[in-house]
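Listed after this line are the structures, all set down as C-alpha cells.
Same chain, two partners: subunit A is paired with subunit B first, then with subunit C.
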Partner chain A sequence: MPAIVLDSEKIKDSVKRIMEYGGTGVLKCVQCGACSAVCPGVKAGFPVLCRLLIKKLLEGQFEELVEETSTWGCQACNRCTEVCPQGVRPQEVVFAYRRYQASELAFSSSATTSQMNLFATGHAVFTEAGPLREKVGLPAKAPTSAYDDKAQKEIQTLLTESPMGELGLF
Partner chain B sequence: MEKYGLYLGCNIPFKAPDIEQSFRKVFPALGVEVTDLPGAGCCPAWGTAPSFDLTTWCSVSGRNITIAEELCVPIMTGCNSCFGVLSEAKHFIEADPSRKKIVNEKLALINREFKGTSDIYHISHVLHEKVGLEKIKESLTYTLEGLKIAVQPGCHILWPSDVYHVKEKNSFFPTQLKELVEALGASAPHYSRLEACCGMGGMRSTDVEKSLELFKTKLLSIKEEVDPDCIATTCSSCFLQFDMSQKTLKERGEIDFEIPVFYYTQLLALTMGFDPAQVAAISVTPRDALIAEIQSETRKIKEKEHT
Partner chain C sequence: MAKVGVYVCHCGSNIAGVIDVEAVRASAETLPDVAVARKDLFMCSDSGQEMIKQDIRDGLVDKVVVAACTPRTHEPIFRGALQAGGLNKYLFEMANIRDQDSWVHAQDPEGATQKAKMLVASAVGKAARLHPLEDKYVDVTKAALVIGGGVAGIFSALELAKMGFKTYLVEKEPSIGGVMAMLDKTFPTNDCSACILTPVMVEAGNHPNIELLTYSEVEDVEGYIGNFNVKVRRKQAYVDWTKCTGCGACAEKCPSKTPDEFNMGLSNRKAAYIHFPQAVPKKAVVDMAHCKSCGGRELGTEPKISEKTGKPILAPCEKACPADAIDRSLKWDPAGVIKEIKVGTIVVATGFQVMDKGWFKEMAPDNKNVITALQMERLISATGPTGGKLLRPSDNQKPHTLTFVSCVGSRDEKHHTYCSRVCCMYMIKQARLIKEKYPDLNIYMHFIDVRSPGKDYDEYYTGARRMGINILRGKVGGLEVLPGDNLRVLAYDLDAGAPVEYESDLVVLATAMELPPTAKKLAQTLGLQFCGSNFFKELHPKLGPVETATEGIFLAGCCQGPKDIPDTVSQAKGAAAAAAVPLCQGRVKIEPIISEVQTEKCSGCGICVPLCPYDAISLKPYAEKPRAIIDITQCKGCGVCTAACPSAAIVLHGYEEDQIFAQIAALTA
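What follows is the complex of A and B.
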C-alpha cells in the first residue's frame, strides 16, 4: 500500500494556492534543508516547518496540513530566507500557509484576543498604562491610536474592508 | 539636527515606558531630534494581519508609514518585530506596482496615500551609523569599564538583510551591538549562542514550554561562557523574555542565578547621567544594585551631567 499518493492535479492546486497566498518562491525549493538547519522553530521541536512543510506542500498536501500547529510557532525571523541558496524565502511560504489556516479559523483561540484588541484599540497588545507612564515621567496617554478615535476608525476601516473582516472576529 | 519619527509599537509604550523614556532622553542629547507619530497603531504584529492577508498587512503598515511621510521624517523603532514588519511591508509595496496600486486603493478609503518617502530604521542603526561610536563615547558621564555584558541583538534586526538599509557584515556574527556596548566602556565577549533566538514572539504564544526551552539554552550559554554583570539587548521582545522568564526558570529550580537585563539605550542613558527612575525603572529581575554601581563616583569621567 503506497504511503503517499502523488496526484499531479492536487500538486498543481497546492502550488497555485500557496503562491496566491504569498509563498511565491515555493517551486524553487530543492529540499537542501539549509532553512531547517537554522530555524529556531525546528530547533525548539515544532515538527512541520521549513523544508518539511515545503515538501508536503509540493506533494499536494495543502488541505491535509490545515490543523498543523507548527506554522504558528514560526518567529518570522527569516534566518531561512537569509541562508536559502535558491531564493525560496521559506518564511513567506510558512506565512502564506498561515493565511490559508486563518481563513479556515484554524488557529489557537488565544490568538483571537490579539485580533480583537487590534480592532478595538489599534494595538494587538494593549494594557492601560497611564500610572506606569506617569511614574517614569511620560504623559499618561501614549501618542498612539489607543487614545485617538480618528486613528482607530481608520484602522477599523482597513480591517473590515479585508479578508479579516469576513471572519467574524470583530 | 536630524529628525526621526519615533514609532513606538505596543510593548514599549504600555509595558516598558522606561525604555521609551530612554529613547526620548538619549537621542536629543546626541543630536537627533525625536518627533511623535500621532495615531500610529500596531505595526501590525506578526500574529495579526501578516498571518491573515498580505494586502491587509501592507495597508495597516502602510498607514503607519504615511503618518511619517506626512511629517517628512524617516521612521525609527526600538521593537525588532515592528522593524521587521514595517520594513518588509514597505518592500512588498514597492517591489510590486500592482500591489502598491491595491494598497493605495485601500488607503484612499481613509484619505491616505503611500508614497515611499520615509525610510525605516532600528534605533540601534541610528545610533551606530548616524550618531556614531565616537559621539557616544564623548557624551558619557560615567564609564562601564570593567563590566562584562552579554549582548542580544535579537532576530528581526538582522534578517532578512536584503530589505534593510543598515546591515551587518555577517548577520550570523553580528558586531554592531557589541561595538555600541564597548563604546560605553564595557566588554562584550562573544558567546556561542549569541545569534540564537530567545524564544519570545509567536513561538511563546503557541507553545510556552518550547519557548522556555530555547530561552534556557540561550541563558545557560550566556552564564557559562560569559558570566556577565548584565545582559544588553536592542529588542523589546527579547527584553521581556529575558526579564520575566528568568524568574519562571528559577521558581522551577532550573536555574539558580539571575542576571540583570537592560535595553541598550537604558545603559546608554544611565552612563549619560540620566535619572534611573525615568529610564530604567521597570523590571522583574532586580537591577538596582548595578544601576547604583554604574552611577557611582568611582565611575565618573566627566562632571557634566545630562538632565
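What follows is the complex of A and C.
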C-alpha cells in the first residue's frame, strides 16, 4: 500500500467538500470504531464504510477514493448513527461521499439499476407481487406509484429536475 | 479634593498587545481628581507595587486605581500595597482592561483602547468617592464536619482529627468504607482493598476526635464559614446500637430477603443485617422496608403470650439477639433522630455511583451474564456472593470467554462526554487477577484507547498484554443474546480495520461514574454548584481544586470528578488541610463590603426582609419601633436590599450611590 502523504491543504479541502456534500459530522469523529462494529456492510466485505471512510477523508483522500466501491455497500440501516457516541451520523457521511461519486459518474452498476427502477416505477426495488397479494386476500395491484401513471410522471419530473437528472441516467 | 493615582498595566503583551497603554495613561492624566498617572510592564511585580507605595508615602495620592487584570486574582495584592504604603486598603478600585477588554476585543485595538479609557475614567469616578472601611472578624467553632464515609471522607476526617479538631463523619450507610470497601484488589499493586482500608476505617472509628454518625444524612445546614449549624438525621436502625455487639445472630435468624446492595444485587441479604463483615461500626440494622414483622410482632406492640408455654412470642431477630438490643415493643420513631451540631468548616466527600446497565439497550442489559464492573469486583471478592470464585450469574458455571467493554456511558455525548478515568485501569486489574487465577480463560478487552497515565500504571497495562490478555482497540458496537445465555460480541479491530465477532459467556461493562441523584438535594442545602460534567464544582480547576464558591465548604474525592484511589486520598488530605486553616486561625475575616441599615432613615416596612437571599435581615425594635437590621456574618454584599429600600436607608459599603452615579457619568460622558 503506498504511503499516505499528509498535506494540510488537502485535508482542509477534503473536510470542506465532504461537509458540503452533507457529511457535516466528520470532525466530531474520535475513531472509536463502534459504527464499523455494527455495520452490516463492513461485515459483508465493504471495509471502507463508516470508520475507515471517515479516517481516509480526514487524511485528505477525498479524490483518491472516487472509485471506491465499499460506499455502495451501505444498506442505510443507520445502526452506525444509533451507536455513535459522538453524534457523527456516519451514514450521512457515506451518503455525502456517494453524492460526490455520483457527480463523477463513479458508481456501481447495482446502484444504476436501482436508480433506473426508481425512475420507472417510483421504487428502487420493486417486485411484482400480484398473485401473492391475491392469495392473502389483497387486491393484486398495491396502491403505489408502480400502477399510477400520474404519480410516476410526477416522480420522473422531480428526478429530472433534481441533480440526479444531470447524470444522464434516465 | 481626592488625589487619585492611576496605574496602567501592560500585563506583558496581554494588554499592551492590543491596547495603547500610553494613550490610556495620558487620557487618565486629564481626568478630574487624578493626581498622577503611571504605567508599568507588570503592576503586580515588586517594582509595580513599589511605585504605588512610594506615591502614597510621598503624599502624592490618597486613592488608587489600577487598570490591569481581574480583581478576582489581583485585588488582594494591590490592597496589600495600599496597606503597606500606609493607606486604608479599601481606597482602591480596579479597572479590568484585560479579561473584559484586550482579551475580548483583540480584533479591534482602537476600540479596545477607547474602552480602556472609559473603564479607567469610571474607576476614577468611583475611587475619588471611596471611604475607608475596616475588616471585621468573628470567632470560629473549632470543629469540622465531613460528609461521606468513603475513602475520601475517612482520610479527610482522620487528618482533621489528628490536627486536634473535633470531627463529625456522616455516612448514609450503616458502615463507613464506601465503594473502596466493595473492591477486591487495587491497581497497580494488587493490594487487597479491604486489607489496606480496614485498618484506616478502624483508626477513624476509634479516634477520640472523630464522632462517627453512620446511617445518617445531612438534613440542613445554616450559617457561614466558621459557624455552621448542621442538622443530621440519623435513620432509624430499630436496633439499640449501645447494646448491639455486631454478632450477626439477628441476621442469621431473619427470614426476610432482599437484594444486597453491598454485592450490587448479585446476592440477597436479610432485612436485619450487618452492612459487610469488616463494617465500622459493626452494628446491625433492621431495614423496615423489607421486614415482615414475623410472629405478628408489629413495632410498638407488646408480644402475644403463648398459650402453651405462657411465655411471650418474640420475633426471630429479638429472640436471637444475645444483647437484648432489639426490642419491638418500643415505639421507634420511623423518622429517626435529628442531631444538631456546630462546626467551623465542612468537607463534602459524598462520592459517586456507577451507571446502571439498563441505560444501554444495545448491550443486552436484561441478560444476567452482562454485568457492571462493580458487580465483577464483588464476583471476584472473597467476601462476595461466590466467595471469590468466578462463576457467571446465569448458571453459576465457570465462564470460558470473558469480555471487557470500556467507555460504556463515558466519552459518549448521549450520556457523559467526560472520561471516567479509572475504567481502563480497573478493567486491566480485573483481567489480570482473573488470568492469574484461571490461566485457561480467554479474555478479550475492548478499548477506544487505553488510558494508563499514573505511577506504574502503564507497566501494569503492558504486563497484562504479556500475560496473554487480548487487547483490542475499537469500541464495542453491541451484544446479541444467543441460546444458553451466551452473548455474541459485535466489535471492531481498529488496527486490522476489520469487524470482530465472537461468542462470550460473560461480559463486563465499564459503566460511567456519575453523581447520584441525591447529590442535588445536598447541593441545594450547602449552596454547591455543578460543573459541566455534573459533578460538584471546585472554586478553580487548577488553583482551587478543593475549595468551593461557598467559603468554608471543601470538596474531596469523586463527588468533584472521577478519580482513582491515590488521587482521592491526596485530595482528601488536601481538603482537610484547607478546611483546617480557618479552624487554626480561630477567627474568620468578614469583608466590610456589605450592607448596613441607617436605622434613623428606616421606616420598618420590612420589604427587604424576604428579598434577602441569605436570610441576613430581620426586624428588631429600635426606639420602640421595628427597624431592619443586617447580620454582618450572613450578608454577602449582593445589594438587593439596598436597591429595594423605598427610604434609601440601606448603604452597600464600597458601592454607594454617589460612587455608582460617578461611574455611570464617566461611562456616558
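We take it that the second predicted complex is superposed on the first by the 154 of 170 C-alpha atoms of A that agree within 3 Å, B and C clash if a C-alpha of one lies under 4 Å from a C-alpha of the other, contacts with A are read in each partner's own complex, and residues count from 1 in each chain.
Assume contacts are C-beta pairs under 8 Å (C-beta built on N, C-alpha and C of every residue); 3 or more make two chains touch, one makes a residue touch a chain.
It should be emphasised that the depicted structure is a prediction, and the values quoted were computed from it without experimental measurement.
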item	value
Touched partner set for A:E82, first subunit B, second subunit C, both or neither	both
First (subunit B), second (subunit C), both or neither touched by A:L138	first
First (subunit B), second (subunit C), both or neither touched by A:R51	second
Which partner, subunit B or subunit C, touches more subunit A residues	B
Which of subunit B and subunit C A:C32 touches, first, second, both or neither	second
Subunit B versus subunit C as contact partner of A:K43, first or second or both or neither	both
Common interface residues of subunit A - those touching subunit B in one complex and subunit C in the other	43, 79, 82
In the complex, subunit C residues that touch subunit A	362, 407, 411-414, 448, 473-478, 490-494, 497-501
Residues of subunit B defined as touching subunit A within the complex	8, 10-11, 13-15, 17-18, 20-21, 24, 36-42, 44-56, 59-60, 63, 81, 84, 106-107, 109-110, 112, 155-156, 159-161, 171-172, 196-197, 199, 201-203, 205-207, 210-211, 213-214, 275, 277-279, 281-282
Of subunit A, residues touching subunit C in the complex	30-39, 42-43, 47, 51-52, 79, 82-83, 85-87
Subunit A - residues contacting subunit B, complex	21-22, 40-41, 43-46, 69, 72-79, 81-82, 89, 91, 95, 98-99, 102-103, 107-108, 110-111, 114-115, 118, 121-127, 129, 132-133, 135-138, 142-146, 148, 150-155, 157-159, 161-164, 167
